[in-house]
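My questions all concern the structure below.
Should a chain be cited, it is by its letter among A, B, C, D and E, assigned in written order, with residues numbered from 1 in that chain.
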Amino acid sequence: MSTNVLEVQDLQTHLHLRRGVVKAVNQVSFSIAYGETLGLIGESGSGKTMTGLSLLGLLPRPAGRIVGGSIRLNGRELSQLNQATYAAQIRGKEIAMISQDPMTSLNPVFSIGSQVAAPIRRHRHDTDQTALALATEELHRVRVPSPALRISHFPHQFSGGMRQRVIAAMATACRPNLLIADEPTSALDVTIQVQLMDLLDQLQDESGAGLLFITHDLGVAASLCDRVAVMYAGSVVETAAVTDLYAAPAHPYTRGLLASVPRIGIKTERGRLFSIPGTPPDPLDLPMGCAFAPRCDLVKDRCHRESPPLIDKGGREIACFEVQ
Amino acid sequence: TRDDTLTIAFAAEATQVDPTRTTAGVDAYFMSLFFEQLLSTAPDLQRINWLAEKWSIIDTNNAVKIKVKVREGVLFHNGDELTTEDFRFAYQRMREPTSGVSVYVRYITDVEIHNRYEMTLHLSQPDPTVVLSNLHIWALPKAYFERVGEAGFQKHPIGTGPWKFVSRKPREELIIERFDEYWNKDVQPGYKRLVIKIIPEDTTRVAAYKTGAVDWIDAVPPAQAAEFATLPNTRVIDLPAPNNMFLNLNAIDRDSPFRDPRVRLAVAHAVDYDAIIKYVLFGKGIRTAQLAPGTLGYDPDLAPHPYDPNRARALLAEAGYANGVGINCYNLTTPREPYMKEIGETIYAYLAQVGINCRIVQLEYGAWINVGRFNARPWMDGLQSTMWGQGLPGDPTTAWGGHLHSNGDGWGGYSYHSDAKLDARVKELRTLINDDERAVKIKELATLKHKLAAGGIPTYRPIITFAWRDTVDFKPWPTAFWRAMRQIGPCPSRACTPTTLPE
Amino acid sequence: MLNLRAIKCHFQTNGQIVRAVDGVNLDIVKGETFALVGESGCGKSTLAKIILGLAPITAGSMSFAGEPLIKFNKRFRRRVQVVFQDPYSSLNPRLKVSTILSEPMWAHGFKRDEVTQRLELVMALVGLQTNAGNLYPHEFSGGQRQRIAIARALMLAPELILLDEPISALDVSIRAQILNLLQDLQDELNITYLLIAHDLALVQHASDRVAVMYLGRIVETGPTEKIFASPQHPYTQALISAVPEPDPTIARNSNLIRGEVASAIEPPTGCHFHPRCPHKIDRCTKESPPLVAREQVQVSCWVIGSGDLNVAK
Amino acid sequence: MGAESILKQRSIFASLRTWLGFARFPYIAMTVLGLVLVAAFFGSWISPHSANEIDLAMRLTPPAWLDGGSSAHILGTDNLGRDILSRLIAGARVSVTIAAYAIILSGALGTFLGMAAGYFGGWIDAIISRLIDIQMSVPSIPLAMLFVAVLSPGEAMVVFIIVLSYWTWYARIVRGEVLSLRERDYIALAKVAGVSTPVIFIRHLWPNVLNTLLVLATLQFGSVIVFEAGLSFLGLGIQPPDVSWGGMLSDGRNYIEVAWWLITMPGFAIMMACLASNIVGDWLRDTLDPRLKQS
Amino acid sequence: MARYLFSRLWQGLIAILGAVLIVFIAQRLAGDPLALLLPMDASEADFEALRVELGLDQPLLVQFFRFLQSVLVGDFGYSYQWQTPALDLILDRLPATLELAVAGLLFAIVLAIPLGVFSALYQDSWVDRVAKVFAMLGQAIPSFWIGLLLILFFAVTLNWLPAYGRGNLSHLVLPAIALGWYPVAAMTRTLRSAMLDILQSDYIRMARSVGLSERAIIWKYALRNAAVPLATMIGVYFANMLGGAFVVEVVFAWPGVGRTVVEAVFNRDFPVVQAGVILSAVVFVLVNLLVDLSYGLIDPRIRHGR
């Protein structure tokens, strides 16, 4: 049985900059079930982070705002919520986030203990003492060695991997139903990356929460996610179960992406990698129709005029006129 | 209680309380509160006996002797009785090289003590200035001084004056108390305590009076003098300063243009002092040629050099400066007299209009004294505008000895002039005792000096305005530029008026 | 072609010594792509800087094409060039692209028309339009900038090009383009590459031989195929197995090693890797193991040397 | 709602932004700066009166638009009847002259030391950095006091004091700039390509430093004007008969109750000159910095 | 931390030493000190005697060390003008200056913190515009002019507040505003840009993402991070105010250190000027040392010697 913890419908997020409007998230729809890990993959600037921040109501201010669509968490509409309610009832309690850079995501001037205890105090209204005790437990849970000692330490006394654990402890301290991990492993070395992925698996097993895992690393997505949504220029172009997607990518972009990545074990005979021609579009000046059309080898006239909707097709969703 | 204490404000402040160490006129502000001399000048500008009960000049064989009987029963603030020993002690201090006032006792060779109250001053030559300067020997407490030493005396000076020193914060305030055992009950202050605030800024001082923070101020800015006269419950008095706005010209340096009398006269004719008095000083000034009324040998017929820029230019051209001349102009200012800085600048601006171009050096008076004392006189080339006395009240001899005689043989010794003939005339005056003869000679010399514009050019005497509330009874004494504070007390009737002043 | 012997490079910062490179031997053969892999901070870039004469050597010697490399003279400068990771800071924002590209040749006193000729040739080689020369760097995308950076490196027709993570700053979909370009250039011009990367898949794809670095030292080196097929050093094994494969059917390898990379300021005694090594023996904590040839690969490990370690996975 | 409304909202304040120098080109600020320069260079031609011409009968005449004002003295006269407008113009000359000397000298000294420290590092850097530290821990006004007390005030002294207290601006910033430029990849690449050190200096370092210098100099212009005015206000700077805005303020103090224009006019001149130079400096900084231009 | 403090202390000492050296050099530029000490008609022998007594016949280096020695024990000689120890004269004025500096600083802080924070929070809002205008004007309007304008409006025209002198609290208002005027602008700008950086930082996003209230985030988290640049500013301006709020003290006839030194300059009263200059250097260094200490309290990275 799997009910959806999160349902996103036609989410549209715009950034109003001096130079123009960036349609960072463009009609994005997906859902996540309890205990499920949805991978959100796509290259830099494709709108992954903005999607995650839209869910948290933490778009950059004053530029960013949600201009359309709905975000439902356990059936509750979030897109119209005001900041105070968001802070008091959603963030940290229902949804939490592990961010990309462990080196900069902890406040350098507060002790680890007080930072981990902060959400506990906020959402469980505990006293400082009990919150600190609980924080120690949380650190223990994410396998920070000798947590009782470490709570009085400061971020700069921790290594990158350890900080990422602390952040995980902070994010999951109030057992949120949805965890967003925005490239949590990108800044880590591969040997540490494995450790963190193990930890994420463990945390999810314990809590049964949904996990939105944002990454641009196809390998990481493959080894951690249940389903994957591929983003390109602000839109989801394909969503599928992870095995299906890797076995038979349907959208031309997904196909190109998978083919262009070298893999260990498969030696491409000193040969060339497949490469997608052209460059990603300027986010300020997205082309009409399908954003991928200028680089696509299956492109037809229609692609330049209409943007293809995300259509369910045999258990996966694809946004392409040709493949459908 | 409030009636016991009066808070007043001075614009300027003494830097030195030891009368044998003074170098600047403002020092008299404080000295006159605590210390006294043998003679004094009364409000009517008459010389009166003070600490001396009587005195007389005894002339034997060219040498001059002055016999003095000191008043009996005069007490210092610590209760010691004043004796002739104290005068002798003061005399010796005044003779020391570090003294600033040795000029007054230059020709006194000895103070001979006969007993506690009688002494004789021995002079090496006749010197009328000794008398003219009120037998300028101060009553200093010898015993006290020897006990506390130089520094101790600076910290807590005592004298025989009507006020006792209580405390002092330089640049802030001086607190003094009435000396109840003061010998001269006639002029004993009415207040028990006087707090003297030092407020050099005109606006601040005026504000302090208006807000009631102080009840007496000196140097009301001329611009506001008229307004003060109309303030309710306020009395004002205009008192002519004993000083002149004085232009001192360096006529001794080899390359100084002022060696030429025509250039000096050009300076005298270039500036419109009447306009300055009228517009800048709001009439609070008296144009002077040389000496002021009340001075021995004052000549009402000697007219000031008229404002005549064309004449000034012509004189300059004659002297070979048709294209103008550049000089340093030292603007020596004190907060004692009003608007000195800008009047200096005004004068320099007038000079520029006839071709005498000033590079202005702004100096506080004290700074000038401190500037390079390597020679007998502070270094000054060019021209200097400053407040300078010409022997008022009394006699100009000491003053002329200071700035006309080439050796600076007189008060201050800041002479920038050298002319053997004039020197001889000054010398002659120094030994001439008879007042009538002196008056004639002074008149002659003043005329000569005026014609040559020698030894500096007097311009105008500022009129200082004092203001106080009508709850105060105040009678100004000429000592210390009228700030002696001898007769000051509460005025319960609010109808006390100051004694009328002499012209 | 390029030989490094016992190269050490220690930095002094705040009174502490950073052992960025701590005794490295390397031999690069003409025409090959030699890859240097290792985790962040292990000294890869420092090694590149040493080869370029941009960082001082604390100890050791280098030779290039048989001649000892003591002074970095103009002749050497022409033969070795570099492409850095960041295409933004590699190009002076105030200069036109043509100036940027010509500068190396001007420095070597080439004539004006020689430079113009070469410029056209090289721009064509890397796939830049001719009018690109009149533009400024900020008018280009990251991928194009990296093409410019490569073009610049090619201007002097070098024999060896150091590639310090040449594609890791680029968009995923662009990386293949640049990688292919580099390979094409090598085939065409017979250039030798020293490729620095931490992306193992890339290394496996693009290099002929590889050296694995750990905390300033090389722990294993040999032909790429050999090493990826049967890594011998425990660290190499862990590194390769930790790379997640873009294939959901392959289960993630659970972690082989624990802990994190130690600091280069106070590296562990003996074998630098011993605190994280699952096979460590006493000796590892005391003496640092030399690189020992085993078949085609060279490994620096006491345990393998004593035969105690079961090499096969 | 959305982008359009925001864009409209912006345009309402566009003029304010221009004023404050946040928009494209700071017209008003440039004009003010231009006026100051014109006054400085052509003052003797445009000045209605001579700056030191006194007319005691006309003293304290209010500005022309007030009761009692005179059209001969548009901004009124001071306590000696001198024309305030003419004095402002004369003051501009003094301010600009001093600023020019001070900027050139402190810029040259600071840049030289900063570049040396940044590029060579080592003991040279250590000594220069220490010098900067010392200079920065002696506040500049007391220092000025000391030198004025010892020597005598005047234009040269003001320049000397400004140079003494401002060279650290340049030295510190140029040093930092050179330090960071030195680490740029394109410098390393130039070295790798065999480009000689002088060429690296001229082609890669100097243009960046030059921009910084230009911005600093513009900003310093305003700062120097205020600093000089402060010194002159205290009587430690420009001495009469030379006219300075600070000196005018100081003279006007005594008449604050009867003639407000004596202190407002020179103060306004100081403010406008400084404001303009700050705005132009900010604008230059934004314009010259390609990074800022992009974002 | 100890190491850090030690190095700061060392730097401070060097700086003070530098200041003393500058003063020493300036003193020598003033000409023969004997000429200033001796009366006008002193003889050559008097000169010689005093020269030996004061050690002026010694090599310059020895003289410098003697000077340093006397500075260390606070002996700057007697004021020429007041015949009292120069340092006492300055120290007597310190309370007044301290009072004014504290008031000015409080004014600056109380205004700058909300202005800086709110203008960073609500970029381009009216608060931000006001803050920007304020920051611009603060830089362009010199403190002596703002002082005179304040007097003109609040004392002369409206007659609300006393303009001059020291007295009760109302006397403090105008000078404190004039003194705090520039620091408000500078601190607002520093705080604004620091807050902008901080509010965009990952750790603030992290704090938000766990649901901390906006109030706590701004006033507890972000402000603490902004405290380091703010403390630097506060330190610099406080030190400057203490070392001599010359202009403001002169404008408001405030009986403080600054005005005393200015007067001493006009009177060529070198000992007092020297004492004033060295005192302000020492205060500057001390206050900055305190600020450095406070960094340790604010930022653990510094505390742990990073």
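Here is the rule we use: contacts are C-beta pairs under 8 Å (C-beta built on N, C-alpha and C of every residue); 3 or more make two chains touch, one makes a residue touch a chain.
What you are looking at is a predicted structure, and each value in this text was computed from that prediction instead of being measured.
A.B. asks: Could you tell me which chains are in contact with subunit B and with subunit E alike?
C.D. replies: Chains in contact with subunit B as well as subunit E: D.
A.B. asks: So which chain ends up in the middle if you average the CA atoms?
C.D. replies: Nearest to the common C-alpha centre lies chain E.
A.B. asks: Please tell me whether A-E or D-E has the greater number of C-beta pairs in contact.
C.D. replies: Answer to which pair has more contacts is D-E.
A.B. asks: Could you put a whole-Å number on the gap between the CA centroids of subunit C and subunit E?
C.D. replies: Distance between chain centres, rounded to whole Å: 53 Å.
A.B. asks: Any idea how many Å lie between the Cα centroids of subunit A and subunit B?
C.D. replies: About 90 Å separates the centre of subunit A from that of subunit B.
A.B. asks: For subunit A and subunit C, let me know how many angstrom lie between their CA-based centres, rounded off.
C.D. replies: Whole-Å distance between the two chain centres: 31.
A.B. asks: Mind pulling the subunit E residues that touch 2 or more other chains?
C.D. replies: Counting only residues that touch two or more other chains, subunit E contributes 124, 266, 268-269.
A.B. asks: Mind pulling the subunit D residues that touch 2 or more other chains?
C.D. replies: 235, 253, 256-257
A.B. asks: Could you list which residues of subunit B touch at least two other chains?
C.D. replies: Residue numbers touching two or more other chains: 203, 362.
A.B. asks: Write out the stretch or stretches of subunit D touching subunit E in their complex.
C.D. replies: Residues of subunit D touching subunit E: 10, 13, 16, 20, 22, 130, 133-139, 141-143, 145-151, 222-223, 226, 229-230, 233-236, 246, 249, 252-253, 256-257, 260, 263-264, 267, 270-272, 274-275, 278-279.
A.B. asks: Touching subunit A in the complex: which residues of subunit E?
C.D. replies: Its residues touching subunit A are 123-124, 200-214, 216, 221, 224-225, 227, 298-301, 304, 306.
A.B. asks: Subunit E touches which residues of subunit B in the complex?
C.D. replies: 15-16, 97-100, 154, 169-172, 199-201, 203-204, 207-208, 211, 213, 362-364, 366-367, 370-377, 413
A.B. asks: Within the complex, which stretch of subunit C touches subunit A?
C.D. replies: Those residues of subunit C that touch subunit A are 39-40, 141, 143-144, 171-177, 179-180, 183, 198, 200-202, 204-206, 225, 228, 238-240, 242-255, 257-258, 260-261.
A.B. asks: Residue numbers of subunit C touching subunit D in their complex, please.
C.D. replies: Subunit C reaches subunit D through residues 49, 52-54, 74, 77-78, 80-82, 84, 86, 89-95, 100, 103-104, 106-108, 136, 138, 149, 152, 155-156.
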